[in-house]
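Next up, some structures in structure tokens.
You will see two complexes here that share chain A, one where it goes with chain B and one where it goes with chain C.
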Partner chain A sequence: MDKPVFVYVTYIATTPEKLWQALTDGAFTQQYWAGIRLDSTWAPGASVTFRMGDEIYNTGAVLAYEPHRRLSYSWKVEIHEVFRRERPSRVTFEIEPMGSEVKLTMTHDDFDPDSKVLGAVSNGWPMVLASLKSFLEIGHGLAVSSPEAAKRTKEKVIADAQATAS
Partner chain B sequence: MNAVFKALADPSRRELLDRLYAENGQTLNELCARLVMTRQAVSKHLAILEDANLVATVKRGREKLHYLNPVPIHEIAERWIGKYERHRLRALSDLKRGLEERDG
Partner chain C sequence: MSKPDFVPKTVYVIYIAASAEQVWTALTSAEFTRQYFFGRSLEMEAKVGGTFILRMPDGRVDVQGNVAEYDPPRRLSVTWRVMWNEDMRKLPECLVTYQIDPLGDAVRLTMTEAHQWDVPDQILAGGRQGWPVILSSLKSLLETGKPIVIKMEPPKDMLEAIKKRS
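Let's turn to the complex of A and B:
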């Protein structure tokens, strides 16, 4: 098996149930994930859609749904042709209770060779996870993960990907 | 957050983080091969970095892979640096780079 490209870990003072809800309920993702609303029925293989307003940012399919423990979906970036032509990668969240906190491990792997998506997400995940932690502990997400910041980031990642595209 | 600052206070540990930044997901053997530190020292430093959550590990078969974990550094940036005049720090950092390039 190939080694994962990204492994991010964060400890959050919350419960596995609340963290699960924050990861799977679009009304919650909107509040910390750059205003992005995530929709899925979470049946095996069901589609997962990430929207900001009317615009579709990402699409994917459910790969694992084990409530309060493990969530995995495929990850296809739809914001520009430079990303759309790649095959989907894979995002996995693993949740472990650790006393009064919860350890969240996120891995992102299975990228296309020379993936442009890889460059685009490498700066995004730490922001999303830091904002998720803030949302669950303090009650609001971070400014770096606001819809306004996300729009600026979107323009930048498209420009960067185009600059390095062959 | 104390654990993060303590972990970052050691130059060997900062070097280990730089090695992981250059190539993420290395085994203990791979990290040792490129450093002058003993295996025991590398192993000890990695444990401190992992306790501070600056390094995350995953098992793949019999191997343990080490990853740079930027989440706590991001939290520090948001809670400390962002609060204290990030733009002024950036201006100083640009000035330093400009002067160094001219000297080089």
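Let's turn to the complex of A and C:
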């Protein structure tokens, strides 16, 4: 059987430099990624922390940091025990300039067998990446990826994962 | 008209800061499709059973089919046969469905490409390459007034796989 993987491709009218900054600078992630602030020194193996206010949503470690081209970190969801008991999965962003646009490929893989995280992120990534595209093209993210929407989504995501947990 | 024999093989979800009516108009009028759908002009009879044609800028027919579901501004489903290449014309038609769900100040657009035969991945690669470009471009067009312009050739493996089959 194929290993589970979630891939999302989008094209953005921006530069690789601006896209890189939006993916790696917490002051930017806050504006399109459900209010989540991402913190890391981006040294090899350094920790990556995703916080909403004081609450830690995700933790991980830097796996690849090639400015303007490739970013990868491990991904452990901390919001609930149903996700915390899984080992970390892996998120990779690849950036390719194409004329005056940029192709962004996000790959989320290396999941635990029967992962609850996979189901949660499959719904979340299109929202976050559409909001990122809007942020870079029109200067603001989408309300579907706002902190208020994320709080509602969080409860649902936990409930869904618990409902299918063995 | 439901199409129970068609199995979804490719799904692409995107969130757009626009109304359901605006997205519907962009999906169903040539004035818009010309701008975001690799230059294709849509000709559609707005009723179930009506013809659906995507015409290339040089006048040749790229895609031809019939409307299977017509429910503005929420759902459009059309049978889809690629006509520009002799080998592709012989493939069984697929079913493309656009579902539009309003979510606050944005809509979620879900594109589903469904097939009635066991399509090899090499042939699915064509849609998997094209849809992210088309729908990213549609989002940009509605949010910024400017589409994404990417030049793209069909995947080589796809053309070979189709030739082998016919």
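The criterion applied here is as follows: the second predicted complex is superposed on the first by the 162 of 166 C-alpha atoms of A that agree within 3 Å, B and C clash if a C-alpha of one lies under 4 Å from a C-alpha of the other, contacts with A are read in each partner's own complex, and residues count from 1 in each chain.
In this section, a residue touches a chain if its C-beta (ideal position, glycine included) is under 8 Å from a C-beta of that chain, and two chains touch if they have at least 3 such contacts.
Values in this document were obtained by computation on a predicted structure and should not be read as measured data.
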**OP:** Based on the superposed arrangement around chain A, label chain B with chain C as either clash or fit.
**Re:** clash
**OP:** Check whether A:Glu137 is in contact with chain B, with chain C, with both or with neither, and answer first, second, both or neither.
**Re:** second
Original post:
First (chain B), second (chain C), both or neither: which does A:Lys116 touch?
Top reply: neither
**OP:** Check whether A:Ala13 is in contact with chain B, with chain C, with both or with neither, and answer first, second, both or neither.
**Re:** second
Subject >> Touching partner for A:Lys154 - first (chain B), second (chain C), both, neither >> reply: neither
Original post:
Counting only touches as set out at the top, which of chain B and chain C does A:Thr107 meet: first, second, both, neither?
Top reply: first
Original post:
Who does A:Lys76 touch here: chain B (first), chain C (second), both, or neither?
Top reply: neither
Original post:
What is the contact status of A:Met98 with respect to chain B (first) and chain C (second): first, second, both, or neither?
Top reply: second
**OP:** Classify the contacts of A:Lys3 with the two partner chains as first (chain B alone), second (chain C alone), both, or neither.
**Re:** first
Original post:
Which chain A residues are contacted by chain C in one complex and by chain B in the other?
Top reply: 8-11, 126-127, 130, 133-134, 142, 144
Original post:
Which residues, counting only chain A, touch chain C once they are in their complex?
Top reply: 8-13, 98-101, 103, 126-127, 130-131, 133-134, 137-138, 142-145, 149
Subject >> In the complex with chain A, residue positions of chain C that touch it >> reply: 13-17, 103-106, 108, 132-133, 136-137, 139-140, 143-144, 146, 148-151
Subject >> Touch list for chain A against partner chain B, complex >> reply: 1, 3-11, 105, 107, 126-127, 129-130, 133-134, 142, 144
Original post:
Of all residues in chain B, which touch chain A in the complex?
Top reply: 24-25, 53, 56-58, 60-61, 65, 67, 69-75, 78
